[in-house]
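Input: structures, listed below.
Next come two complexes built around subunit A: one with subunit B, the other with subunit C.
And now, the complex of A and B:
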């Protein structure tokens, strides 16, 4: 599996309130409330850290999960978030200033 | 030689809602008369309007007469369309024009949209909620259709000043928020009083067998508020601004669920 990089979109608005991460798409005003795993992924999505590193450093340290299974779940989650335009995925590191 | 040019009489009035004055210019005396009745209590001559609209009466020429509202901005010019109106507005010029049929719903919708755009930039919003003043403080009662906005408005005792039974007007002022009366009515069909007061609380309405106030977790408060804010524009920056405004609001104003049995006793809880 090749490395994937994820970056937060600059076209959304995000706020964490009382432990809940909420994100609104600037494109269509859809509001998303992220669960804990998605919040970890969102917060770590700096465009420079690979998804594999995020899973190893942020998710596997939080949950007792098989790293391979966790990575597959994280990739599925990242693609889901990307389909809503709130995360960007690339096989190359992503400059956060360029994220769309 | 016969007159080739007839001077058309320009008729106008200023409608001030939420402290924002909009001049409406028209050539239709009947339309002007309709506006005078529709916005009674909100018409003023004592202020300089922040926006002027020239209204042309007639079919807006849209392909779909039943189309939903579409609001977009390009190069500093807003375009507002719905099946029954078309409007353009340049905030920098403080001018715009509207083409619509002479009915109150169309002009009402254009004004609402314009106010949402101005408020979004200033940290305020229009909210699907009834609102009222008691003891110098404003209370908002939010909810979708049938949630009880009109019912709680109708049950208000005489010492309560009704601001609206349908759409509340909320502006940021210093560290708090102020609610203004609006002429935007719901089933009650009664214009709100043209006055204002600091917002003391937002209640999320629910009908039940008893009257009860329950705390709402902050996340739910923000989600519920966002679900009731009126906003139509496809504009990323303003959508983001409205989102952040909702969080600012719930961090400053108590938000609770008000479950109520539809009789006047519910107002014993609201003081």
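And now, the complex of A and C:
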């Protein structure tokens, strides 16, 4: 069972446009867009809900996907977003006020 | 504009989403720039609560890129409260426009902490005697440059904005050199905007044709002068179907008094957020819809001009000349300076009557909140 927690960075600018999230990195003003699935993950990344719970409760209920595969994809996405500084990942719950 | 931002802008336009907006937080200013179009008195600015409410409505409407400008934004005592709310509570991508003379180390550190996309600072010359003679504030260049250094030291993105006019024509290379030396970006704009009370006297500060030509053909400024000054090929159906600009399509402007316009340079009142929801004005204002309906083919004179596909024509400046579908003489001059080919408007030599434009009417009552905007 994954104990990975994810939290949105407070350093970014973000807005939903037609179900897709536009995110501008506070680090270097790079603009990203997230597709609808990634947007679900982003919006649920409150630091308190584990990635596995997010996948089970928000993604698997929305799409017909294998939970194990969906979790692997979500972890890969989360690590990618974290590398750009727009998401924080941790093996412990993250206080949103602490996210940078 | 990056490819991704262009793509999102197109998506926003198709869905009638105001992706970008500018709010002038105040028209009060601590400089008195000779070319400024504003009335610097406070006629009843929106309160902190009103601005926060507007930010809520803008976020809900889809505004992503928010420019906070003025007047001088740091004159508002609640500036950081507003900025923090815009960033932390509503996640806007915030750009600031300021003369920066109130920014010291502490303010720069706070801006880094809150996070802004960029800080645009007005710099008119690298020489104090020229810059300060434009701002009419002795020592203002030094203070603005000190601020730029404080901001840079915090790792923030700084952009020098230089309005080019008769007074500083010889100094644009100096400003560019200074920007390069300090590791900041710079922009140059020879546009002078008529005063908000409709007066056009300030336009006499604008560059004449010979000076414009010097700037547009300066190889130090434009790496590809030949390309930039090339005569556009004849307009086809695609060109004529294009939008005049983003004003009213994906961007808009809100004054310190809550008046909504298609753009800061397009003083066509479309509603007031003190009386209506921002999104209702954006979607339903008949004037906004009229602006939105215009395509290049609808422009009187310009649609048959050889420059139609490459001109920088500003619909707001055209409006201030009396017709939002008409030519903007300043841009005719720019197209002529670039290419040596006079515009259709210049060839007709038909003088256009300037509209009697008043952005702000001051109500003769004690309540400053009754200040309203109207096209007189």
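Following the convention adopted for this analysis, the second predicted complex is superposed on the first by the 98 of 100 C-alpha atoms of A that agree within 3 Å, B and C clash if a C-alpha of one lies under 4 Å from a C-alpha of the other, contacts with A are read in each partner's own complex, and residues count from 1 in each chain.
Note that contacts are C-beta pairs under 8 Å (C-beta built on N, C-alpha and C of every residue); 3 or more make two chains touch, one makes a residue touch a chain.
Please read all numbers here as calculations on a predicted model, not as lab measurements.
S.K.: Overlaying on subunit A: subunit B and subunit C, fit or clash?
M.R.: In the arrangement built by aligning on subunit A, the partners subunit C and subunit B clash.
S.K.: Kindly classify A:22 by the partners it touches after superposition: subunit B alone (first), subunit C alone (second), both, or neither?
M.R.: both
S.K.: Could you look at A:33 and tell me whether it touches subunit B, subunit C, both or neither (first, second, both, neither)?
M.R.: Once the two structures are laid over each other on A, A:33 reaches both partners.
S.K.: By the touch definition at the top of the document, which applies to A:68: first (subunit B), second (subunit C), both, or neither?
M.R.: After superposing on A, A:68 lies clear of both subunit B and subunit C.
S.K.: Could you say whether A:11 touches subunit B, subunit C, both of them, or neither, answering first, second, both or neither?
M.R.: Touch partners of A:11: subunit B and subunit C.
S.K.: Once the shared chain is lined up, is A:95 touching subunit B (first), subunit C (second), both, or neither of them?
M.R.: In the superposed model, A:95 contacts neither subunit B nor subunit C.
S.K.: Considering 74-82, 272-280, 290-298 or 362-370, which region of subunit C has C-alpha atoms that clash with subunit B after the structures are aligned on chain A?
M.R.: Among 74-82, 272-280, 290-298 or 362-370, the clash with subunit B belongs to 290-298.
S.K.: For subunit A, which residues belong to both interfaces, subunit B and subunit C?
M.R.: 11-13, 15, 17-18, 22, 24, 26, 29, 31, 33.
S.K.: Name, in rising order, each residue of subunit A that touches subunit C in their complex.
M.R.: Interface residues on subunit A, with respect to subunit C: 10-18, 22, 24, 26, 29, 31-33.
S.K.: Quick one: which bits of subunit A touch subunit B in the complex? Just the residue numbers, please.
M.R.: 11-13, 15, 17-18, 20, 22, 24-29, 31, 33
S.K.: In their shared complex, at which residues does subunit C touch subunit A?
M.R.: On the subunit C side, the touching residues are 2, 4-5, 7-8, 11-12, 15, 17, 19, 59, 62-64, 87-88, 91-94, 115, 117-118, 157.
S.K.: Using the touch definition from the top, list the residues of subunit B that touch subunit A in their complex.
M.R.: Residues in contact with subunit A: 217-219, 222-223, 226-227, 231, 234-237, 239-240, 243-244, 247, 250.
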